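You will see subunit A twice below: alongside subunit B first, and alongside subunit C after that.
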Partner chain A sequence: MRRERAPAIWIFIAMDCTSFGVLFLVFMYERMGQVALFDEASHLLNAPLGFFNACVLITSSWLVAWANIVGREGRFDEARRLMLAGMAVASIFLIVKVIEYYMKLSVGITVKTNAFFLFYYALTGVHLMHYLGGMVILAILAQGPSPYLPAAEAKASYLRWLEGGSLYWHMVDLLWIFIFSILYLIGAR
Partner chain B sequence: MTGKIAGARNAWLLLLAISAVSFLAAELVGERHVAIGAIMLIAAAKIAVILSRFMEVERAPKAIGRYLYGWTIGVAVIVFAMWWVAALG
Partner chain C sequence: MKNPYRYGRFLAWTGIVMLLGTIVFWGVLGQNIPPYSPALNADEFAAQIRQHQGEIRIGMIVQLAISVMWYTWGVAIWMVMRAIENENGDNDVLSTLQIWGAGFTTIVFIVPCSAWLAVAYRPDVMEPQTLQMVYDFGWMMFDCAYALTTMQILAWGVCVLQDKRETPLYPGWVVWFSMFVVVSFILETFMPLVYDGPFSRSGVVNYFFEFGIFFLMWVFIGIYTLKAIGRLQQEHLAAHASN
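Right, the complex of A and B next:
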């Protein structure tokens, strides 16, 4: 199995996961002092919507992984189409997230409501920024190899970006798995 | 390469199935420590599947691959331990 030397994307992923890991532990530490409040507040979240969004990201991640596999075979048109499909599925996540935020804000649940919702908006908000960045990357990858570079250089460059962009998108997916488990499920009835 | 595509598809189906189990555990299992333990174990398992089947972490530098698996297990175990300590009051 070929190993990369030390591609920056892997270092970025390791550092980003570490940052989120610290946030998860700070959340759990705060929860230890206010268990009843955190569990009560967690019941106000819509776990089925969180679960649905987890399935959306997993499906999108699968399509992106598939695009990466066919891209390595040089089937760039198929990779482009799969990237578009991955983006289309992933866009559902944003719609659901906006609905969820609207449902909370419309009943006066804001970042100031209590410590739980401060963490809720912080964790899901930072994750949403990662998601939006990932959607931009997927949109660029869905364009295919650059027409402005010589063909061989364009293909090599596209493959590097395809691999790096895919890895970033999978990280967005795996971070949501922990966020969903910790925010939505731990305090569920 | 076809095998890799089939592997990714199987991983996707597995992830959807165990996500459903995790969600149901949170809703239906009466013993909270069992439910929370199952939720964190399944979360770690799902991330391990994503790391190995979608991200092909074996292609990363060995130290980073080990770190990411360690991070996954570490977060799951510490979250469960902190939940347990809080539950003991």
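Right, the complex of A and C next:
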């Protein structure tokens, strides 16, 4: 057997968080030059909706973490159902995000409105791509262990990917909390 | 005894040769470290091109010639992937996606470099706005056609993560780092929407950060592909010696 490799996904997570960290730093740097504009623009965001979405992702993350616990106990059917539940809850995030984008675009707030909204669309857009990638990963994990591999190998492989996929999903959740804090709350009245 | 990895090391080296060539010809001579800012007005931009037309022409002529090496390097990576797929009894979907991604990425080098070569061909008699438009076109394709390379590297990553060796042919950190790099290309989506700042083609995020990690990825995959071909050859020799 080769060495356990699941922790290597931490490289991806660390780098991804670093790249968001770079974006946050650039945002803060740009904000220093035009504090009034950034604060004024942030008042146009709907903080309760952003908070609601944070709660949605945390709940989804909790279900995914639960799937890991039951998966380690060998209860794969239950793990699959929890993954599906996690996806169902997380789908609310997408609906809210689409509504939020629609509310902004319908009053003419686009990526070109000002520097704040460039960051708003960039940060939330890139996060949304991560979210969509995460939903695909959860959907794959919701299929359960591969029926094409020997049972022991399939279960070991499934648990490794379950852990890796869940770590990624927690990152998506964590990043939203940072984005919410930086975009919606800094400068809020 | 036949060698199934014949030509492999040569092809793996082409990736490293292209990497070094790209730094010199696309980067230094091509005036792309960093590229001209989209915030320059057409006259300022044209003045820069006229001043550096000789270097840009040499840089782009050579870059056009060496860009095929992205594809030949992709064939070396394909050889490693096929070995893993065969060992696992898998189909060839991932290696096929990878090699098509490598081929298409070659075009992402060739077409923009042709545009930049055209800009430097006779800038003294061309309208500044025309020069700027062709130059912009090159950068739009170079930055925004990232999905072709993303497909290539993700297919490679998913395949080599299934390598069951005690010491995998590609270390996990190289694979996950590279997959991060190609996922982070999403940020280039914002490049055509701005003329200055961090997301512009010469900005801190979409140039310095994105291109910095892209070249780092190229170095890592380049070194480990070379090592992987060598290891596969050794494994093959050892298997035949013991038979």
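Keep in mind that, in the parts below, the second predicted complex is superposed on the first by the 183 of 189 C-alpha atoms of A that agree within 3 Å, B and C clash if a C-alpha of one lies under 4 Å from a C-alpha of the other, contacts with A are read in each partner's own complex, and residues count from 1 in each chain.
The rule is simple: a contact is a pair of C-beta atoms (placed from the backbone, for glycine too) under 8 Å apart; a residue touches a chain by one contact, two chains touch by 3 or more.
The structure displayed is predicted, hence computed values, not measured ones.
For the composite obtained by superposing both complexes on subunit A, the positions of subunit B and subunit C are free of clash and fit together. By the touch criterion defined above, A:L37 lies against neither subunit B nor subunit C after alignment on the C-alpha atoms of chain A.
In the superposition on chain A, contact of A:V96 is made with neither subunit B nor subunit C. Between subunit B and subunit C, B touches the greater number of residues of subunit A. Of the two partner chains placed around the shared chain by superposition, subunit C is the only one that A:G125 touches, whereas subunit B remains out of contact. In the superposed model, A:L49 makes contact with neither subunit B nor subunit C. Subunit B and subunit C, viewed from the C-alpha centre of subunit A in the overlaid structures, lie at an angle of 120 degrees when rounded to the nearest 10.
By the touch criterion defined above, A:I11 reaches both subunit B and subunit C.
Of all Cα pairs linking subunit B with subunit C in the superposition, the shortest spans 12 Å.
In the superposition on chain A, the residues of subunit A contacted by subunit B and by subunit C overlap at 1-3, 5, 7, 10-11. Across the complex, subunit C is touched by residues 1-3, 5, 7-12, 15-16, 19, 22-23, 26, 30, 111-112, 115, 118, 121-122, 125-126, 129-130, 133 of subunit A. Residues of subunit A that touch subunit B in their complex: 1-7, 10-11, 13-14, 17-18, 21, 24-25, 28-29, 31-32, 35, 47-48, 51, 54-55, 58-59, 61-62, 64-66, 69-70, 72-73, 166-167, 170-171, 173-174, 177-178, 181-182, 184-186, 188-189. The touching residues of subunit C, when paired with subunit A in their complex, are 161, 163-168, 171-173, 175-177, 179-181, 183-184, 186-187, 189-190, 193-194, 197-199, 204-205, 209, 213. Considering their complex, residues 1, 4-5, 8-9, 11-12, 15-16, 19-20, 22-23, 26-27, 36, 39-40, 42-43, 46-47, 50-51, 53-55, 58-62, 64, 67-68, 71, 74-75, 78-79, 82-83, 85-87 of subunit B touch subunit A.
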